[in-house]
Amino acid sequence: MTGALGRLRRLTPALVLVLVGLAVWQWYVTASAVRPQVLPSPLRVLTEGWAFRAQIWANALPTLQVTAVGFAVSLAVGWAIAVAVDFSPWLRRALTPLLVASQTLPIIAIAPLLIIWFGFGLAPKVVVIALVTFFPIAVGLIEGFGRTDRQATNLLRSMGASRWAQFRYVRLPGAMPSFFTALRIGITYAVTGAIFAEYVGASAGLGIFMNLQKNSFRTDLVLAAVLVTALISVSLYGLTFLVQRLVAPWSRRG
Amino acid sequence: MTGALGRLRRLTPALVLVLVGLAVWQWYVTASAVRPQVLPSPLRVLTEGWAFRAQIWANALPTLQVTAVGFAVSLAVGWAIAVAVDFSPWLRRALTPLLVASQTLPIIAIAPLLIIWFGFGLAPKVVVIALVTFFPIAVGLIEGFGRTDRQATNLLRSMGASRWAQFRYVRLPGAMPSFFTALRIGITYAVTGAIFAEYVGASAGLGIFMNLQKNSFRTDLVLAAVLVTALISVSLYGLTFLVQRLVAPWSRRG
Amino acid sequence: MAELKGAEHKLVIEGLRKAFGPLPVLDGVDFDVAPGEFVALVGPSGCGKSTLFDVVAGLEPPDAGRVLVDGADATGRVDPFAYMPQRDLLFPWRTVLDNTTLGLEVAGVPRKAARARAGELFEPFGLAGFEKARPGELSGGMRQRAALLRTVVQDRAVLLLDEPFGALDALTRIDMQLWLEGVRAGFGWTVLLITHDIREAVFLADRVLVLGPRPTSVRHETVVDLPRPRDVSMITQPRFAELEAEVLGQVGRGRAAGADSEH
Amino acid sequence: MAELKGAEHKLVIEGLRKAFGPLPVLDGVDFDVAPGEFVALVGPSGCGKSTLFDVVAGLEPPDAGRVLVDGADATGRVDPFAYMPQRDLLFPWRTVLDNTTLGLEVAGVPRKAARARAGELFEPFGLAGFEKARPGELSGGMRQRAALLRTVVQDRAVLLLDEPFGALDALTRIDMQLWLEGVRAGFGWTVLLITHDIREAVFLADRVLVLGPRPTSVRHETVVDLPRPRDVSMITQPRFAELEAEVLGQVGRGRAAGADSEH
Amino acid sequence: AAPGGGSAAASPSTVRIALDWTPNTNHTGLYVAQQEGWFAEAGLDVQILPYNQTSPDTLVSSGAAEFGVSFQNSFTFSKAAGADITSVMAVLQHWGSAIAVRADRADITSPADLDGKVYGGFGDPGEEPKMRAVIRNAGGRGEFSTVSLGTSAYEALYAGEVDFTEPFVAWEGIEAELRGEPLRTFAYADYGFPDAYGVVLIGNSPWLAAHPEQAAAFVRAAQRGYQLAADDPARAAQLLEEANPGAFSEPELVERSQAMLSERYLRDASGRVGTQTLEQWSGYSGFLVDAGVLTGPDGAPVTTRPDFSTWFTTQYLAQP
């Protein structure tokens, strides 16, 4: 099952399911004569999406860029918080409720503030993406660090390891499985976060494109953009497995 | 450090940080004379929120109800998927990309479909909350199941345990730490999800209240509702620790 | 012929081979065990003893060869065996008592009955008072005793014990050995025991098989012709010392011959 | 007086007490160790030996009593000790070689130098060829040897070894014992060794301390007056058998007296 | 065709109406009719659906609601795309929105000054052609950049992040005055741009055809409600607030908005409420066709003007 062929065969089940789903959808749309504004057929989504490929592509690029920058910031913030919290029980108790609270801010409510504070360059979008995605990463890391075996920590202490060395040699690698779980959750939200961020204020991007097409009652093009979003997200998700294989090969089961 | 006093003292750091933050905010608003529509002072948020407490409470109840139902559905779906995927590698490969893709649906784009399919009752809101929160739960569980020690599985197999018994006696309890991490992430999104769902269509709820007040330019009342949301979320988050203590006491470090 | 041979034996191991990737571990292991017999396996560290048990217990498929139980092919079957792995593998989410009842619960014994059955053994195993403790609160030797308890309480036809007494002090060990020696006959268990303690092997077993270094096979067989039931006084008998010396000599020979493959 | 006493001793253990919740484990443990001395500790399973090491190594605070090193209070200090815990605790995210260099890396030795130093020991420890393997690919005995390697390569003044040879076969064990006996003198290590093998205790140690059942304290001390360096032939000498019998008798006495507290 | 997708109303007398926004003064007539019992008198059980993210055009077209509150602007797009809806009554006779800049922007005294400036938009496909046309009509080149901001546009305007946007004069405009930061507005019609109905009531065409009596009863009751709003804005505002307890925390905003609508928007030139003309429909909707921004049901651009007289009807209004 190695090589490109093996990998392709592993994808068969997903493809089968998708194709069955699409067939049912196509059949339903044809049979029920539902209006394309309400539910366009998959074929129509594909052909119209293809016809508008230049425009979709032009809007996908800024979204990808914003996603990359935002998720990088999110990773940095998530790690910084998790490490800080791991080192200081005081900070842990101080920050945990605030982290949770940060997730409850309806972005719609704070969007005007973001615009006023950060303008509508990259900054407010990066803030939104970071806000949406840093939380699973921070929580995953914090709990990963916390799950370290006491006896393992003791072994390190017996070697005279400083708090930092204990962290580096045991807590950090021990948290990798948790981290990658969290990374997968976080990265999945990143692209949606970017699209949401574009509602806050942007001149281009898949979010802007969707909004415009929605207001033009072009549900087919909205769904085409959704499709592109999904493809990007699934690719990024797949990428995490690759990264995990490179960074922490021992953390995957055989 | 036991008892109510001890627990209160554990919260001191968070309270200190919050109070400092509020003081800075209050000072800034007073000093800069920023318009309350842009940024009301914390005092104003509190006093106005208190003045409107009856209304906020009346709107918090439906939100809580929707959150509870939605999150229950989300838990059921997350568990069902994770267990199914754990038992069938075929399903794992078929569903994983779809799960990820499901997270990339911008709800704004599918909201029209939800309303048309499910009407204006509880259903579309439950769907939105479940869509927003089942994913971390499913992923957390799937990875938790997958992290089971091979030798532990072997021990069970040597006892003649069926696939199901292996699951019940080893994979399931072994996944509890992962599950609770995921639960914490999921439940944090549940309330925000409910508020978001109310934008899709509702007649009452904190989301509706925020939207109304926003359209009446009452940023202070919007923030008062945000505050209530945050309190609910933090309480639910705290609750997960209690549940974990009851259900899986061994999974917390000492 | 194998079928014939199988009929008079509880267990027949035929030409088992197994490699992990490029590393050959089992190199054609053959032996057989009579019903109710106690066979000890000794061999150098890393030679493949635990791997052999994994294959016999049906947990790892062999690359070649087969396992017969009561004359029928049982390769890959788990039900005739109660297996005590080298790592104790007590689960942190169960109390010590519930860890020991695991095999019974899996076999469908009602929880209450299972607890009663396992609970009776806590006293002879020196674990009384720790029924409700978590595994993390036990000492190394106590963990090992709990793991052994979990294994024997399953009451299977064949016990596979991988260094069950490794972490026990001399006297606790003798206690446990005597306990095993005492109940085994009564239940008619057939026992395979991996040990590093040659004295233990001779004291408990009807036969001691010496395995060679990796890739391993059976190098030598010593029949222990001491009367049963055994008791501690036998250890001082000259015949005991003779047998011990014979086994030790065989282990040494096997090791010297295979020293190259270890390095 | 303690200070005076401490000055002539490498290590002084004074009245250590420790309880886990309601369970008293250490009940006033007192002994001292001369520089370069090899002391073996034997005692029933679950009596508190590992707990004693945890306290001495500075990992668990004692409820009472103190630990002196070179005459100075070292209670809670970790730096004089290299500790090999009972569980091997090899980390799955490091290769076997990198597991063994862990202590050196923590101490700031550059990675390359650390690898070279640990790598030299793979041959005498019978681990050559497994430098790049993951711990999961090792047998139980190989894991234990890797853990011992990780401990001794740290080159600390006092070694605390908790059953370092428990999972080794007789001959590999003798090899490792001889290796330890050989290098120890050269490095001037002071060694405390927990073991269940009384023969091993007598063979390696200058003194054997017998601990009583839980809550434990030192019950008896046997001075091993065999000449050094030791070699395998000594095991057959009558003095060796005498010493072995003395320790065994003391272990038995201690255990019988404390049997009630175990149950 | 039967109304697709959504569940049909329980009985012909049950009428559901979808809102475009949270309840506000554009909806007053509906709430007045409801509060005064005029719907009930007409034998109708009217449910005002909670505001949601779904466009009323889509809801009405799919049959999930019988009526909806929409705009001539969005109606044009959805109708062109094949929505099966008909405009049954104009609520605002003119554009409800206007170009707005901060009153303290001395550098912008005419839309012609907006060249090179930043527009805070709403992701509406008609807004850019409209702005371009107005600026050109005022003598400018019609070159500006757009940032899609949604409702954040107003905050961005006050903060100076954008230079102009398009608020509802009778809502955001009044709010700006109330908060002491007035806006300067430029009405599109003042620059020769076609006028349009700011707010319209729309109905599901098949339902209208099948239920002419209920349709007429509903529209007349609504028309009567808006008539009261035009005649007695204070009482109408009060009824609106009573119908939505807790929805309005700024009573002054509601009252002033209602007064402004009554004075300038609800009545046509002859003083009537609810009327629609082919001229006004062909004006703006025709402009959008000519601008080439509409697409048909098949996804192809609409290039020829449809028969706009089929888009609306006045047949359900009370006879003068």
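A, B, C, D and E label the chains in the order they appear, each numbered from 1.
The definition used in the following text is that a residue touches a chain if its C-beta (ideal position, glycine included) is under 8 Å from a C-beta of that chain, and two chains touch if they have at least 3 such contacts.
Keep in mind that what you see is a predicted model, and the values were worked out from it rather than measured.
Student: Could you tell me the least number of steps, going only between chains that touch, from subunit C to subunit E?
Tutor: Counted as steps through touching chains, the separation is 2.
Student: Looking at the contacts, which chains touch subunit D and subunit E alike?
Tutor: A
Student: If you average the Cα atoms of subunit A and of subunit E to get two centres, how far apart are those centres in Å?
Tutor: 37
Student: Quick check: how many Å separate the C-alpha centres of subunit C and subunit D?
Tutor: The mean C-alpha positions of subunit C and subunit D differ by 28 Å.
Student: Could you please state the distance in Å, as a whole number, between where the Cα atoms of subunit B are centred and where those of subunit D are centred?
Tutor: 50
Student: For subunit A, give me the residues that contact two or more of the other chains.
Tutor: 38-39, 112-113, 116, 199, 211, 214
Student: In subunit E, what residues contact two or more other chains?
Tutor: In subunit E, 5, 55, 58, 62, 151, 155, 159 touch at least two other chains.
Student: Of all the residues in subunit C, which ones touch at least 2 other chains?
Tutor: As it turns out, subunit C has residues touching two or more other chains at 87.
Student: Go ahead and list every pair of chains that touch.
Tutor: After working through each pair, the chains in contact turn out to be A-B, A-D, A-E, B-C, B-E, C-D.
Student: Taking the complex as given, what residues does subunit B use to touch subunit A?
Tutor: Within the complex, subunit B contacts subunit A at residues 10-14, 16-18, 38-39, 90-91, 93-98, 100-101, 103-106, 108-110, 112-113, 116, 135-136, 139-140, 143, 146-148, 150, 177-178, 180-182, 184-185, 188-189, 191-192, 195-196, 199, 207, 210-211, 214, 222-223, 226, 229-230, 232-234, 237, 253-254.
Student: Spell out the residues on subunit E that touch subunit B in their complex, using ranges where they run on.
Tutor: Those in contact with subunit B are residues 5-7, 21-24, 49-55, 58-59, 62, 64, 151, 155, 158-159, 175, 179, 181, 246-250, 253.
Student: Quick one: which bits of subunit A touch subunit D in the complex? Just the residue numbers, please.
Tutor: Residues 149, 151-152, 154-161, 165, 169-170, 173-174, 176, 248, 250-251 of subunit A touch subunit D in their complex.
Student: Sort out for me which residues of subunit E touch subunit A in the complex.
Tutor: 1, 4-5, 55, 57-58, 61-62, 74, 77-78, 81-84, 122-125, 145-152, 154-156, 159, 161, 293, 295, 297, 299
Student: With touch defined as at the start, can you tell me which subunit B residues reach subunit E in the complex?
Tutor: 35, 37-38, 52, 55, 58, 108, 111-112, 115-117, 119-120, 199-203, 208-209, 211-218, 221
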